[in-house]
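Labels run A, B, C and D following the written order; every chain starts at residue 1.
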Amino acid sequence: MSSSFGTLFRVTTYGESHCKAVGVVVDGCPPGLALTEADIQGQLDRRRPGQSALSTDRQEADRVVILSGTEMGRTLGTPIALQVANRDHRPQDYQGMRDIPRPSHADYTYQMKYGIRAASGGGRSSARETIGTVAAGALAMKILAERYGVEIVAWVESVGTIAAGTIDGQTLTRAEVDATRIRCPDRQAAGKMESLVAELKEIGDSVGGVVACAIRRVPVGLGEPTFDKFEAKLAQAMLAIPATKGFEIGSGFAGTRLRGSLHNDPFIARADGTLGTGSNNSGGIQGGISNGETICLRVAFKPPATISLPQETVDFSGQPAILEAKGRHDPCVVPRAVPIVEGMAALVTLDLALRQEARRAMRQQNS
Amino acid sequence: MSSSFGTLFRVTTYGESHCKAVGVVVDGCPPGLALTEADIQGQLDRRRPGQSALSTDRQEADRVVILSGTEMGRTLGTPIALQVANRDHRPQDYQGMRDIPRPSHADYTYQMKYGIRAASGGGRSSARETIGTVAAGALAMKILAERYGVEIVAWVESVGTIAAGTIDGQTLTRAEVDATRIRCPDRQAAGKMESLVAELKEIGDSVGGVVACAIRRVPVGLGEPTFDKFEAKLAQAMLAIPATKGFEIGSGFAGTRLRGSLHNDPFIARADGTLGTGSNNSGGIQGGISNGETICLRVAFKPPATISLPQETVDFSGQPAILEAKGRHDPCVVPRAVPIVEGMAALVTLDLALRQEARRAMRQQNS
Amino acid sequence: MSSSFGTLFRVTTYGESHCKAVGVVVDGCPPGLALTEADIQGQLDRRRPGQSALSTDRQEADRVVILSGTEMGRTLGTPIALQVANRDHRPQDYQGMRDIPRPSHADYTYQMKYGIRAASGGGRSSARETIGTVAAGALAMKILAERYGVEIVAWVESVGTIAAGTIDGQTLTRAEVDATRIRCPDRQAAGKMESLVAELKEIGDSVGGVVACAIRRVPVGLGEPTFDKFEAKLAQAMLAIPATKGFEIGSGFAGTRLRGSLHNDPFIARADGTLGTGSNNSGGIQGGISNGETICLRVAFKPPATISLPQETVDFSGQPAILEAKGRHDPCVVPRAVPIVEGMAALVTLDLALRQEARRAMRQQNS
Amino acid sequence: MSSSFGTLFRVTTYGESHCKAVGVVVDGCPPGLALTEADIQGQLDRRRPGQSALSTDRQEADRVVILSGTEMGRTLGTPIALQVANRDHRPQDYQGMRDIPRPSHADYTYQMKYGIRAASGGGRSSARETIGTVAAGALAMKILAERYGVEIVAWVESVGTIAAGTIDGQTLTRAEVDATRIRCPDRQAAGKMESLVAELKEIGDSVGGVVACAIRRVPVGLGEPTFDKFEAKLAQAMLAIPATKGFEIGSGFAGTRLRGSLHNDPFIARADGTLGTGSNNSGGIQGGISNGETICLRVAFKPPATISLPQETVDFSGQPAILEAKGRHDPCVVPRAVPIVEGMAALVTLDLALRQEARRAMRQQNS
């Protein structure tokens, strides 16, 4: 297990799908910050199951409680424990899957790794684990916004083969993202995506998609070469989200097909005297360090593994079996993945910002 | 700076392009292993500049020396310091670029982050930094091979728009990869790639490409949910390589377009009584944990930023400038990136293997 | 803040004196272990306030709940969250101390470090924070006992100037320690200690003391040179307990007065064919690594800073003030410190044991 | 192995007694600092063997070289590799000890832990390993001095039963410490100590001693509760030095005998409007956080284990043996330990200072 992430702003998550509670301990939160549950709840609501007909029917209120680290609405600088009680378990839904590891799910690998696994649900591989990330991410975003004016907005770029048209990540708002249930700001594409997801829910199949994310107004100079380059930590964070299969920063795989003379981002002088770049194939990061442009990333989510269509497979003993998964599962995770991607982006950005602040404090003295 | 990587097998690299030496300290190497410089040198030779006409003309012998941690050809279990002297510096090549930050290079961000930067060359953002990774990776590969039979083979899958045909990562050997200078096992594609790179070198431009990697015979059960999932650590490691823009595991972005019923990897019974999967869209990892199938990943490399074609840009003070970079630079990094990708894959795999060994030792007792 | 400890068996604690709950997340617990609250509660009962007339009158049931990481009484290998609700707060007791930092307490330094502090009680510097350590330590002890037969017993060696006679740490049991309320196995000394503490409670003063600890049946080979030597991690752990001022391993400060010819522990052949030592000035550790003998350590606890006797001091603004602390405080912490010292000893030992298991698994292959 | 220390200012050491080189990689050094080998060499000279007739006759010039991380005498913010070549090996001195583990030395535990050990000398447990600490510590001290005016001075407080009179750690200079070869500022005691050491060298025995250290002008607010309290990290660092057996902060073990009413440090108003304390039993740290007073600590060093007097012991196979160690060894390590203790103190202080700078940067915004 490695349930902690971050160096100075460090989160530690806990909880399975069907235990008493899930939560996160945030160590290293700056003191003196105004903080109540209301600052956290909004993103949890965007993540929770049962928000719309597109999602699983599992209903969880997912009310967060701040257990420690604040007094009279201010952070003390001590660890902030955020917790959400688990309510709506139906372990019986999972009984049939006890002996048959779900294809492309974590049932088999958890069993082999630990010699035991949660009898019901996906245990720690469950999307429920992401509650901690989303809660801590909401806290991180508040700090980033107040200190630097950072804005983080993610959206659904594609579902299956249905792709949104060009989205302007520079100006997009969360309200525009949330205007459709699928969270795709291209309304026409959104309509098609929603129809597809509804159809798949009906027939018991699933589909993948891509979530894009813009991190705006990031200070220049964040990112710790060599192994903690900004894009490296983003890649780790995004691939730590369940069901992810790929990550791109800036031009990504498409950029590999270009020549340097086209791909390079020429510098330009901004009105305020600083330098910017005329294009942004770099995705806001050069040499592992933010350059002040918007950080643009994309995350690939596979189709959810748990489907109710019958699947030919074998059971744990190797005997042929047909699996028809019961339970309530999302046919497509991307709309609910939007706040998770935002949360991960915030955790990475704030941790790197704190590390750079320490350097800057020492550097100023020397120059 | 964050120049360390790994939890139990932990590497720390140092060195810029034009200092006295570059190197790596490997902490946590198992004791009793037979080890001499010859075990390391091979991969360094595959990485070094000037190997072929396709690469930079910079010539470096890059001879590695083991400074500590072994006695009479055996590892002691103490830190192994591996070092390569820098010889062929030509800082004068960089003089003209002093005032003009190279577009899409790290000159600007290093200056902004540190308030200072190596006057010549890319400093720590240089590909020269990867010597430590390749050296430590060669050591890790030896341990993985002896202990588990793990094999790691990377190859060039595409250069610009020229893509190899289907490559069988299950059987591919390094000899087959090295059969062409571009390190693409599809000979026909390789020829085209080499022609393109030669042409670009001639005109002073550059191009990107994709490196694929297969990690074979990985034990089941490696990977530490949640934040150190196997694919998450691979993604961090790969995006920590200079010039990388994307990472895919298994089906990657293409997988997002499929339905679950097609994408899921059904389990099958192997002859030896263990379970395998009939397809491998998961890329050898499920729920962040290796499932025993070959781990398949792809890494996107952008076109190198340093080109000798003139570029319209601005200098550090914001004044318009034309940059014509001098110096000896690779028009395409992917052939030399092959051993770097392999090295990173080995560092991640061995560290996770050690972490799982600790668990297994305790688990056996309990079950 | 740095509320985490350990590399492979990693604990993260949270909670202040007067928030909703205190607790700990244990990451890296081996899977398959039988575990219920009953395994944890015993040590918490030994730590809790109000156990006897010698302690503070604050009453807390301190019932622990396992929130995650187990199913049907077995650990899953996932993070185990242990939590204790805070019940008996009386923040009004602290009102008078609001403007006057308590001498030798953390009020002043927390204010200066964080720019804010918990308005009531000592916040994170409170002994209440140690609940997480004791709970996680109880879990660690269970694993160590089952896997290796390790036994950890701490006891009160002195209170003020009253010192116990020679105690045989090789055979001492917890029952013998708990036979007196002061937890000193020398009954005669214990009686004097208890009288002194009762007297000090009466007059509102406090006194320090020394806790000794024996860690028995430790496997040979634990401890990670250089910076994580066994005694170095023990020293860190013990000095992280509130109110500690010193640490000794083996012969400690007294050993500095001896000559090597007297101080050296000669090796002897044990009946089972292994080597032991004829004396144990090394305290069970040589070169940072356990040698199989009993690990003997001693921890100095200062007199508690919060006393009700009037103290001449100044307030936060520098104005002279007389502080007469109210509230319910221990006149001497050592009896309640016994399970905390044991818990810290267990956390260190188990983490080092796991790290050595990883090495051993790789080493066996090579030899 | 755990050869790294620190969170933001992180050192990684390597090298055994008889390999090609020993050294340290310093990651996280602030950029822009003036730095040459001369800044480092002084402390290495104070540590090196053969300084005076009191020490081992082993002669090592111990010239440090900066391999990376600086350019034109300024730090780049990249890892600084500091290296010292090993020259004067005489492995033959150790031949006789091959089969007989030296009592109270690390020969036995290294063999048991690693299944192998450096055939000659103490390997990684050798005092030679401390070169990295001293070199990195000298660098840290320079930064602390320039940024905060911190001064770190250690001295010998006792050798065997010979103790110095009261030393004023507030004003003591290194010149005063170095005025005697034994590094005890009490000249009368120093003379006796030197006589004792000379006598022990003659007869082939050894003796222990205590090193005290003052860290002056430390900013208020350093130290990271809970597990990285200032005194906890100091304790870890000091117990990581070879041959240490104890650590005290402030009143230490003596403080356990006092009552709170005597032990508490009342606050006083300083002329500059800040608060100080009237006494300093706290040793400059309260609640794990520096309070602005001088940090006072003491470290116990045992008598060196390697003596040439014959010792009755057993060999690795358990057969009775007489060991008469050859080789050149210090009869008392404390004079050479002085710069090591200073170095460790600097590493801890700077790392905690950087961590607090990160917090302060965020805190200012909020208040």
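Following the convention adopted for this analysis, a residue touches a chain if its C-beta (ideal position, glycine included) is under 8 Å from a C-beta of that chain, and two chains touch if they have at least 3 such contacts.
No experiment lies behind these values; they were computed from the predicted model shown.
Trainee: Looking at B-C and A-C, which one has the bigger number of contacting C-beta pairs?
Mentor: Of B-C and A-C, more C-beta pairs in contact link A-C.
Trainee: Measuring centre to centre with CA averages, how many angstrom lie between chain C and chain D?
Mentor: Result: the chain centres lie 26 Å from each other.
Trainee: If you average the Cα atoms of chain A and of chain C to get two centres, how far apart are those centres in Å?
Mentor: That gives a centre separation of 38 Å.
Trainee: Rounded to a whole Å, what is the gap between the Cα centroids of chain B and chain C?
Mentor: 45
Trainee: If I count partner chains per residue in chain D, which residues reach a count of at least 2?
Mentor: Only 1-4, 7, 13, 28, 31-32, 77-78, 113-116, 124, 225, 359, 363, 366-367 qualify.
Trainee: Report the topology of the inter-chain touch graph, choosing from line, ring, star, complete and other.
Mentor: Chain contacts: complete, every pair touches.
Trainee: Which part of chain D faces chain A closely enough to touch in the complex?
Mentor: Its residues touching chain A are 7-8, 28, 30-33, 77-78, 143, 146-147, 225, 354-355, 357-363, 365-367.
Trainee: Show which residues of chain A lie in contact with chain C when the two form their complex.
Mentor: 1-4, 10, 12-16, 18-23, 25, 27-29, 31-32, 65-72, 74-81, 83, 113-119, 123-124
Trainee: What does chain B use to touch chain A in their complex?
Mentor: 1-5, 7, 13, 101, 103-106, 108-110, 112-116, 122, 124-125, 129, 158, 160-161, 200, 205-210, 220-229, 231-240, 242, 244-253, 255-261, 263-269, 273, 275, 277, 281-283, 285-291, 298, 300-307, 309, 311-314, 316, 318-319, 356, 359, 363, 366-367
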